[in-house]
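Chain nomenclature is as follows: A, B, C, D and E, assigned in order of appearance, with residue numbering initiated at 1 for each chain independently.
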Amino acid sequence: MSEILSIHHVTVHLEQNRRKLTVLSDISITVQKGEIFGIVGESGCGKSVLSNSILDLQPKKMRVSSGDILFEGQSMLKKSKHQLQKMRGKEISMIFQNPMSSLNPSLTVGYQIVEIIRAHQNISKKEAKGIAIDVMKKVGLPRAEQLFYDYPHQLSGGMQQRVMIAIAIACQPKFLIADEPTTALDVTIQAQILHLLKEIRREQNTTILLISHDLGVMGDMCDRIAVMYAGEIVEIGTTAQIFENPSHPYTKGLMESIPTPDKKGNPLYSIPGNVPSLQERMGGCPFASRCHLAIDMCFTSKPQLKKVAKAHDVSCFFSEMEEVSFEYAKSFS
Amino acid sequence: MDYVLKKTVSSLFTLFVVIVLVFLAFRIIPGNPANIILGVEATPAQVEELEQKLGLDQTLFEQFIHWFKGVLVLDFGESLRFSEPVLSLIHERMGVTFSLAFMAIVITIFVSIPLGIIAANYKGKFLDVLISIGTQIGLAIPSFWMGIILIMIFGLMLHLISVGGYVPWSENPLRAFKALLFPATAIAIPQIAILVRYLRTTMIEQLNFDYVRTAKSKGLKDSTILLKHVLKNALIPVITIAGLNFGAILAGSLVIEQVYALPGFGRMLITAIGDRDFPLVQGMVVMIAIIAITVNLLVDISYRYLDPKIKLK
Amino acid sequence: MTTFNVKRKPWLLAILLLTVNLLLLSACGSSNKADESEKDRKGTQTEKSKTGGSVVVAIPQDLDYLDPNLAEAAGTREVMFNIFEGLLKANTEGGLDPAIAESYDISDDGLTYTFTIRDGVKFHNGQTLTSKDVAYSYAKLAGLKTGKPLSSSFANVKKIETPDDKTVVIQLKEKEAAFITAVTASIIPANYKDSNKTPIGTGPFKFVEYKKGQSLIVEKNKDYYVKGIPYLDKVEFRIVPDQEAAFLALQSGEIDIYPRIATEKAEQLATGFKTISNEQNLVQLLAFNNKVKPFNHIKVRQAINYAVNKDEIIKGVALGKGTKIGSNLSPVLSKYYNNELEDLYPTDTEKAKKFLKEAGYPNGFEFTITVPSVYPFHVDTAQVIVNQLEKIGVKAKIESVEWGVWLERVYNGRDYETTIIGLDGKLDPFEILSRYISTADNNFLNFKDPKLDKVLSNAKVEIDENKRITDIKEAQKIIAEDAAGVFIMDPHTNVTFKDTIKGYKTYPIYVQDLSSVYLDHPQ
Amino acid sequence: MQNLLVEVENLKKNYTHRKLYKIQELPAVSDVSLLLRKGETLGLVGESGSGKSTLGQLIGQLLDPTEGIVLFEGQAIEDMTSQQRKRLKKDIQYVFQDAYSSLNPRHKVSKLIEEPLIIQKIGTPAERKEWVNDMLNEIGLDKSYRDAYIHELSGGQRQRIGIARALILKPKLLVLDEPVSALDVSVQSQILNLLKSLQQKYQLTYMFISHDLNVVHYMSDRIAVMYLGEIIELANVNDLYEHPLHPYTKALISAIPTYKRQGEPVLLKGEIASATDIPNGCSLHPRCPFATEICQFEKPVLEEVNQGQYVSCHLSRINGQ
Amino acid sequence: MLKKFNLVTGGAIVLFLILVFIVSFFYVPHNVNQMNIENRLIAPNHNYLLGTDNFGRDVLSRIMKGTQTAFIVGGGSVIIGLLFGILIGTTAGYFGGWMDELLMRMIDALLAFPGILLALILVTIFQPNIEVTVIAIGIMTIPSFSRVIRSGFIKCKQMDFVRAARNFGSSHLRIIFHHILPNTVSSIIVTASLSFSTAILVEAALSYLGLGIQPPDPSWGRMLNEAQGFAKLAPWYTLAPGFMLTLTILGFNLLGDGIRDLHDFSE
């Protein structure tokens, strides 16, 4: 396996009322070719900003102020607008959370698929239509020829998401960013879509960056997972490491607060307090204010990601102390 | 289809209300058409005779039924003043007013769409501020005032307008065009202001929608996104506003025809009100209402078809 | 004529409607200022070089009917003066000239009128005019067949006879001094039905084309019985209701003659134009409703007469272009005009206050002046009067109403306190003053004076001109002394034309006579 | 029958779609019968369009049924006097999914919580103020929040206010419509814990509606699964999760994405039908991987297959035993 | 940036107008109706800052008094439009059904009538004076208020907080006045501010046609009417009322936009 995407110490700022607010701080991730890499976190943690900034799609007010994003070894940030445009949809594609609003309501499904094909390949409308219909079939859209002329609102949510996927894979990109692709969907449909994504990965060896707040989806889909909290990555590891040996207090808290059959009858663990807003973020560990273990140091200096096992990095001052995690585990049982 | 039918029925009801209102309104106003026609020296006998001739001696209800029956077959009766069928009088004047309204609409569209796009695209920048100030001022200047100013500048100072020089299109298209250009501009200015503001808002609204990000992520050019994706969606609500303002355009031509001495609908209407030429006034107002209501209906329906989101609901 | 000077509003059509049965009555109108045309006529140019060319005349309103028997609007007659003629025709002095009749004779009992028709008068279709055509036209107006006269001035006609092609004899039912003016009414070919589409007359110009709401075009009648007339080949009467528009069109050269231009506009014109102004035989007055309190008290009426400063109105509203009057007759009709009344009530605030006190209103009172909104001139006058009356403690409120409402409420309903209006003059003074007869239908002032009733009933039938003049002057005096209203002025009318246009004549009646007009350098 | 709080019999709700010449009836809930025992939590799951929210609103008295009877403490609601109905509004409370839109943005927190009392004319202003303070305390919010506006609060805090407002009238039944689905996981657990403890403290009966099977499982004693307006399976939590009988339930449960999922999920074909054309026979049959011929024609009825486990499936009789 | 611009500029203009309005009750440089024919059409000078009109009246004084007319007409008609608008909009929006259909068709009919024509008819029926002018223009503004309030109600009616209120047993009146109306206030204020300027515009047009405010009461439209004939002789007389009219409309439009922007969280 080789690296396809690497994000190096990326920091993103938001200009608001002449204040510079840190949305992402010093993020580093490396995605290997062919893997499904997950980024998990609660709303507002910056996971979507991170995925959008790969293709420079984040809101205008947000700027990557330092760091670099390398795709196949080339800096994305140094590319011209035109070069970036050429890459979007061709090299790297995206799927968004809400298929209904992400598709243009006044253009036909077919048009929206043909459009991306024609934007990157110099072929006739007719040829493009042929390709589009093939892709539609591939993503499991029934009656593709008829659906081609339908408008998005005529389709159900699941079908719309399939159209989104069809658009995303129409030009056979190497890299697919799926930003909460199933959040708006029902469980049974979610299962279908997740299944489809897995198939795409298997058949085309597409690398997938999957972003979700749902740990269940992550566990089901990903090879490796990064956990984000308040604009920072607090833990990265293989799926097994994250689920079986969560090492950051936040990851642990998250795991424990999910209701699962085995927790029935007992009160759930809950992380006290709320996610700090952008304005409330201070120096030090971002989780300090909600962490049971926090000591003075946590509020003043930032912990760095540290290796706790092979391919398992945690950003916590206590990550190396075995007994602490034990103690911690006891604290809510 | 169902929707079209429903809208049509409710439009017809609106029209009926207008018809009744118009009829009653003009009967309540003091002023006897026979008297106005005959003037102040007429004897009561003469007035009575003319009233009989004009059918004004019938009861209000009879008059209404009589008139309404005619309206159903688009027969608005004869003008009291001109002794000619109202419809042919209307037909004669329609040319000017329609050309005027049409030109105003064309000017409005051709000016406001680019301005709206520019304003939205340069939101908050200098150009946007400039356009915003322009539209605010365009909205604030009363149209009759604008008409006078245009005449003062282009007529008195630059000698570009030939007031009263209107000839029908069939006779001399260039002269007709010249005669209508400035009045159409005067009507168009507030409309442009309204549309630019509206288009700007909807464009900005649309630009924030997720599908724009999708379009970007597909690697489309900015211009393609703006024109092919955003504008189309932004125009849908704008069309409604434009349709609603059709009445305003007609009303605008009513005033502007006065200022520019164009032999149009509005001028005839105002004289007809003064004359208490009931059939003519009623015919014209009903005609205006029919046009305004039809345009609104068409806008409603086309909106339905333009906006696929509501088409099936 | 009320068709005065509506300064800038488009509602002009309405203006014209007040005028009914405009009679071209023989009377003495002296128009000293019209002599300019006389000088032009004696100019150096030869007759030949004067002929040819065309002019555009702005008229403010559309025509109501082309058929002269149906036409009611003064604005129509104004234009049709060029196409149609009657047995007699009014001249610029207000007198009657022979037209189709070369002479006439009135029987001693005043009941039989015999007219002799001029030789060689041809209709525009080439047909020669005979007494049959006259009888046909006038019988129609008199309603001899239907029993319902189309024109009230012919109501008195008993029968019309045509002993031969050249002679028309008209018998009246009773003596009527003013009848002779009626025979200025238009004559059309006998049994001609298309008058409303293609009118045919005998006048100096032939009808060519009429476009509703736009224009009426006439051309030279080459067979006109007065040789050398008219000069112009073509005249277009262009309907431009808006004063601003007409003004601009004049400046841009689109129109050549602009009658009834507002004074302040005429003053703004650059060189290249000429403006003439004249009295127009119109009486502007503040009319009281003599029946309602407090105007039923003569002292109140007189007090207001003392309080109103006419000179100030003439200066401020008419911009000096108006002739002060003292009763309901314009000085244009100089023969009948009583010139002793203008200063019957010199402006005198103290006297006004005193009269008010005597009438029982020491602290003044409040009242309403109802003015038709179509006439800014009258509205402006009202504003000045309101201001003047404040000085004697009388508070007046202006209520300007639409023309139709004015007619209904003030004129017909007589439901008002005071109003300002222009009463249009005719050529016969009796016709003008008859509204003050207590029983007159059009006595909207509710004026009542038995003395006046008597004097006017004499004037109606008096054929002896000197006696009639005495009666009319007496009637004016009674009206003035009784203070039926405040008689303000005869506002002048302006006509502006390009200075290449010569020979334009003004009349004391509402007509545009293009027959004498010619171009200085016709192309 | 002492411990029955709500009995629902053959409840139906049609939404009418008014067309010009005809009225189209769209069934949202058809022929639902169920019981709610005092103190229990009945979970209601189903996909969007299944009618679970409509059923919740029918029981929560936000909607009136087209047909069928709802009995509250043994008394039919439709027979109640207006006096009784007003009292019923106290006894049954509804908590909305979107706390933000269910709270008037122009009112302060104290006002929001107090309002039900004012409407029901309970207590003096001073008493009410005290109760509001108590309630704030109860839901874990500081008194300083009294004067806050709703847009100043976080999602979790808003939902607490929504719950407080529902509880201030001391109701017996709380219909909770997706109360945590708008919340982040870490906050969700806070609310779930709060709901649990409140239920114990006040002996509340819950009807808990959610699409999240994990949450429903955690909260409920019994669970009803809805599909296209009908209850297709109703059972105790453990029975349902361990031995789901209806193919749809099986699909639902197997579709829950988890780390180290047991086997492949049961994938249903296609998507839920729209209310305008509900399939004949078993409404699931076009999607059901096990459908047989009979499923196309005959509508299965809800039957008790095992003890306390009701299923509406032709196959359950064969599979269930 | 632009948001504040609208609000600040509009607010400043309106404040200025209100100031002129208040001052005009206590002080104007010259008697507004005092004519002095000798002084007619004097160009602006130190005594007559904006010159005099054709009757020798002080233009500045009349312009200042004109704010009273404008404010009375604007305010009065907005109140009428608001009252009826609330009544109609509330009934239609809250209760819906045939009532909504009927009321909205009436409003449509009112809208299908060109506004100025409607005012013209009304003024003709009941003689022109300031009261009738206010009523006529007030009626013209009813449709926009009704529509705004109705759509606000329809939007709010479906909001959960209204359903929640109903669930607690709130009466219709309580829901309407306590819950829904306060939430439509900002759009009502915007409409009011825009209607205010429209009302002034229509009054000017009517008075310009000689059918609105009666002389000698100063009204800007009336002044424009009287001034038009002297456009070339006395441009100040034509420019001053036109400018005031434009300024007033601009001010209230900007203020309305500014208020709308304040409540617009989407941008």
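Convention: a residue touches a chain if its C-beta (ideal position, glycine included) is under 8 Å from a C-beta of that chain, and two chains touch if they have at least 3 such contacts.
Note that the structure is a prediction, hence the values are computed from the model and not measured.
Student: Kindly list the shared contact partners of chain A and chain C, in label order.
Tutor: B
Student: Tell me, please, which chain's centre (mean of its C-alpha atoms) is farthest from the centre of chain D?
Tutor: Relative to chain D, the chain whose C-alpha centre sits farthest away is C.
Student: Would you say B-E or D-E is joined by more C-beta pairs in contact?
Tutor: Greater number of contacting C-beta pairs: B-E.
Student: List the centre-to-centre spacing of chain B and chain D in whole Å, with centres computed as mean CA coordinates.
Tutor: Those two chain centres are 53 Å apart.
Student: Need the CA-centroid distance for the pair chain A / chain D, whole Å please.
Tutor: Centre-to-centre distance between chain A and chain D: 32 Å.
Student: Identify all positions of chain B at which a residue touches two or more other chains, and write them in rising order.
Tutor: As it turns out, chain B has residues touching two or more other chains at 29-31, 148, 156.
Student: Could you tell me which residues belong to chain E and also touch two or more other chains?
Tutor: 124, 228, 232
Student: Going by the contact rule set out above, which residues of chain E touch chain B in the complex?
Tutor: 1-2, 5, 101, 105-106, 108-109, 111-117, 120-121, 124-125, 197, 201, 204-205, 208, 224, 228, 231-232, 238, 242, 245-247, 249-250, 253-254, 257, 266-267
Student: Residues of chain E touching chain C in their complex?
Tutor: Where chain E meets chain C, its residues are 33-35, 37, 40, 54-56, 124, 127-129, 209-211, 214-216, 225-226, 228-230, 232-233.
Student: Name, in rising order, each residue of chain D that touches chain E in their complex.
Tutor: Interface residues on chain D, with respect to chain E: 60-62, 86, 89, 93-94, 96, 98, 101-106, 115-116, 119-120, 165, 169.
Student: Please output the residues of chain C touching chain B within their complex, sorted ascending.
Tutor: It is residues 10-11, 13-14, 17-21, 62, 64-65, 72, 148, 152, 212-214, 238-242, 244-246, 248-249, 251-252, 254-255, 374, 402-405, 407-409, 411-412, 441-442, 444 of chain C that touch chain B.
Student: Taking the complex as given, what residues does chain C use to touch chain E?
Tutor: 7-9, 244, 262, 264-265, 267-268, 312, 315-316, 373-374, 376, 379-380, 382-384, 386-387, 390, 397-402, 404-405
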